[in-house]
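I'd like to ask some things about the structure below.
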Amino acid sequence: MSLSELLNDLVTANHILAHEEVCDAYGHISVRHPDRPDRFFLSGSRSPELVTIDDIIEYDLDCNPIDQKGRAQYTERPIHGRIFKSRPDVMSVIHNHAYEIIPFTVAKGVKLRPLLHTSAGLGATIPVWDIRQKFGDTNMLVTTLAHGDDLAAALGKNRIALMRGHGSAVAGLSIYDAVHTAVYLKVNAKLQAEAMRLGGEITYLSDGEIAEMQKQSQTGHGRAWEYWSRRAGATK
Amino acid sequence: MSLSELLNDLVTANHILAHEEVCDAYGHISVRHPDRPDRFFLSGSRSPELVTIDDIIEYDLDCNPIDQKGRAQYTERPIHGRIFKSRPDVMSVIHNHAYEIIPFTVAKGVKLRPLLHTSAGLGATIPVWDIRQKFGDTNMLVTTLAHGDDLAAALGKNRIALMRGHGSAVAGLSIYDAVHTAVYLKVNAKLQAEAMRLGGEITYLSDGEIAEMQKQSQTGHGRAWEYWSRRAGATK
Amino acid sequence: MSLSELLNDLVTANHILAHEEVCDAYGHISVRHPDRPDRFFLSGSRSPELVTIDDIIEYDLDCNPIDQKGRAQYTERPIHGRIFKSRPDVMSVIHNHAYEIIPFTVAKGVKLRPLLHTSAGLGATIPVWDIRQKFGDTNMLVTTLAHGDDLAAALGKNRIALMRGHGSAVAGLSIYDAVHTAVYLKVNAKLQAEAMRLGGEITYLSDGEIAEMQKQSQTGHGRAWEYWSRRAGATK
Amino acid sequence: MSLSELLNDLVTANHILAHEEVCDAYGHISVRHPDRPDRFFLSGSRSPELVTIDDIIEYDLDCNPIDQKGRAQYTERPIHGRIFKSRPDVMSVIHNHAYEIIPFTVAKGVKLRPLLHTSAGLGATIPVWDIRQKFGDTNMLVTTLAHGDDLAAALGKNRIALMRGHGSAVAGLSIYDAVHTAVYLKVNAKLQAEAMRLGGEITYLSDGEIAEMQKQSQTGHGRAWEYWSRRAGATK
């Protein structure tokens, strides 16, 4: 895949996240430079549904723009840069506020866990990061490298870190993988809340099942990508 | 009805299941060959909303393609082949992950039962099948004939088998009947969850009512099919 | 308003009920003949979203068609004919299965009551009718004059009768009034369920408030009708 | 920004409130005259989705039209006039019945509080006003200056007053600020209800966090406005 195709996929991923209601006015997705692991691509400050190829900015891992192109920037780009820095395996990062996941970020002692087979990508452990623990009362935004490093440390080797009263950071092996994980994170949160209200004990995926399913994890385009991109208006 | 018309209806059924949100990126519907009960038709691997007539593949009941046409295949086609094999009365099978039904597949001891008159097609008993019981930790997918046979055995003489942490298999007397049952399975699951939360004892349909309503079961096109197919974009 | 305008409004009302999700594939709305109180108009058997002016059939109050025009008929037209017969004040009847109201038809001892000012049209008392009480196990459909008379008796002088495991019958002073009541019946059911789950005692509208608001009840076109009809695609 | 641009934004704000489902057939938004603090602009009686520039009427703070232009008026304009009178800092007022907030207006002892960072604009305290306390049984509408003054007194120095069984009044520093607050009021209500049902103690935003975030409050156009206005059909 050429860099140009990859950046087109990044634009499409923005539109998918909007159309599938993972993002509303806020949220963003990045991809690591395929040839320079110390660089990544992220849109300038714009709602995901409206992002175009011209909005994409190249960054170093300290979140400095290589060429800002006169565009406003997301203040929370340290979420991306510092996860890319700490996790060489990660190729794409999504920050989102999907409504279904917020309750799990604020309800003490309630753990989000995968119960649906398409949600195996969430992994067995999903930590919750609270910016207040280290930084006290803030405007909640991840605007400094120190904030980003603290979030990346909370993420550890996992796929997802929930962010208290804010949203989540999703780490994927590819744009495709990050989008799939973010969509089914949202779906799983909704379904777990519903299942909890039915009153019976819940059967979650076992660690063994999660491991078996993660063997299938795809880094290329698949059935879901074709579907989501077409729904989001991509013409091919 | 000609075979050509039947296959066009199969394509429309795929689009209806997507539009009515019974399926998302995943799920599939098959129809038995009207002249050869040892054959069935199913799309190649594609999201239901995108299926075209050219995607349809003919299979034998061991799930071997008669002519694969160079297309990728659904790995879970044993759901279809083995239900057709064990149930000569069944003419159409739907596999789906409708979000509303998932909680009932994972909440122990909570039984899904029809409470709405249009949901009488669900039948009085809806078993829950768990692949883990016989096969241990797997990737949850019904990819072998043994998996399919085990699911078909759990289905028994019923209309629906729920699949733990996964979705459901719906067995219909026609494409129309399968689609109607799958839509109102989803609706009933949603309404039963809502009713359970109101706190009073729930009045379900009685066995006698279910029997009376099933006498009306239609295998042809009806009011709902006209409505759903028009909503899904069918031009006639 | 001419008869022709009234019947055009009946068609628009069908489309509104579909668009606002009061009806899905099923449900219907009728209007009494403005000059002959022993007659009413109702579509032939078709989903509300698809009804056209050519589908409208004139009926007497025993539900016999004056001119069937070769069309299939709704089997549940006795809901309309027998409410018009027993309630001279009623000019329009809606039968619907709106999902939000079904839980209140099956949860014993849980009463639906208006809590939102725009829902005052529901009235202070909303009886629940169960076809099983008088007729035993049936297919749940109101297909005979005896069924219709029993439902009308349960409705009494109220605006709405819920139907167990089935839906509701809404009696309005005009097409506009019936549509407004049916929409806010659905909304109120949803909001009451949500409010009950918050855990505090609920403040419902008082009888005095309901009486004050019903003084404003409009029988003509208003702000909501303009909005709903435009959303449903009406061009004026 | 010229007066003409401001009024165009007022029209767009109406469309956004409809599209984002803050308003249905009912609800309205006003803006204070930028040069005459004793005047404000509000549409004539029409659903927000349908409001055009020609519908806008100028009012004094006693809610008398400067030029009624032959249009019907909202009866509840005292909500706007009397909040503008008592709160010189407020430049835009929204009255809405968003479904998600109604349960919090009727469930005794349950307090709506911001738990999501984008909802910090709601403020730390959200009072609930009940028209019945001072005026007894009414039709619930805020139709007199006395009603409006009582509501404004309940609002006090806060951003939002909930209205029992009715909706809310939102006071903003600009059209943009009022719209942003109304959208995230709705979102927060939904998420708080969901979080309460998960069973754990909820972590709300701290007073310090709210204060930090309110420092960022924007009175101009931002990322969310671009997104919402494009979704609502605005062409620029």
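Labels for the chains are A, B, C and D, by order of writing; each one numbers its residues from 1.
Operating definition for what follows: contacts are C-beta pairs under 8 Å (C-beta built on N, C-alpha and C of every residue); 3 or more make two chains touch, one makes a residue touch a chain.
The structure presented is a predicted model; accordingly, all values stated were derived computationally and were not measured.
Residue numbering at the chain A/chain D interface overlaps only partly, since under half of the positions present are found in both copies. Summarising the inter-chain layout, the chain whose CA centre lies farthest from the centre of chain C is A. With angles rounded to a multiple of 5, the C-alpha fit of chain A against chain B returns 90 degrees of rotation. Chain A and chain D have Cα centroids lying 32 Å from one another. Between the CA-based centres of chain B and chain D the separation comes to 46 Å, rounded to the whole angstrom. In chain A, the residues that touch at least two other chains are 197.
Chain contacts here close into one cycle, and each chain has exactly two touching partners.
Contacting chain pairs (ordered by label): A-B, A-D, B-C, C-D. Within the complex formed with chain A, the chain B residues making contact are 24-26, 45-47, 49-50, 97, 99-100, 102-104, 106-110, 130, 132, 136-141, 164-166, 193, 196-197. Contact residues on chain C toward chain D in their complex (touch as defined above): 115-118, 120, 187, 190-191, 194-195, 197-206, 208-209, 211-213, 215-216, 223-224, 226-228, 230-231.
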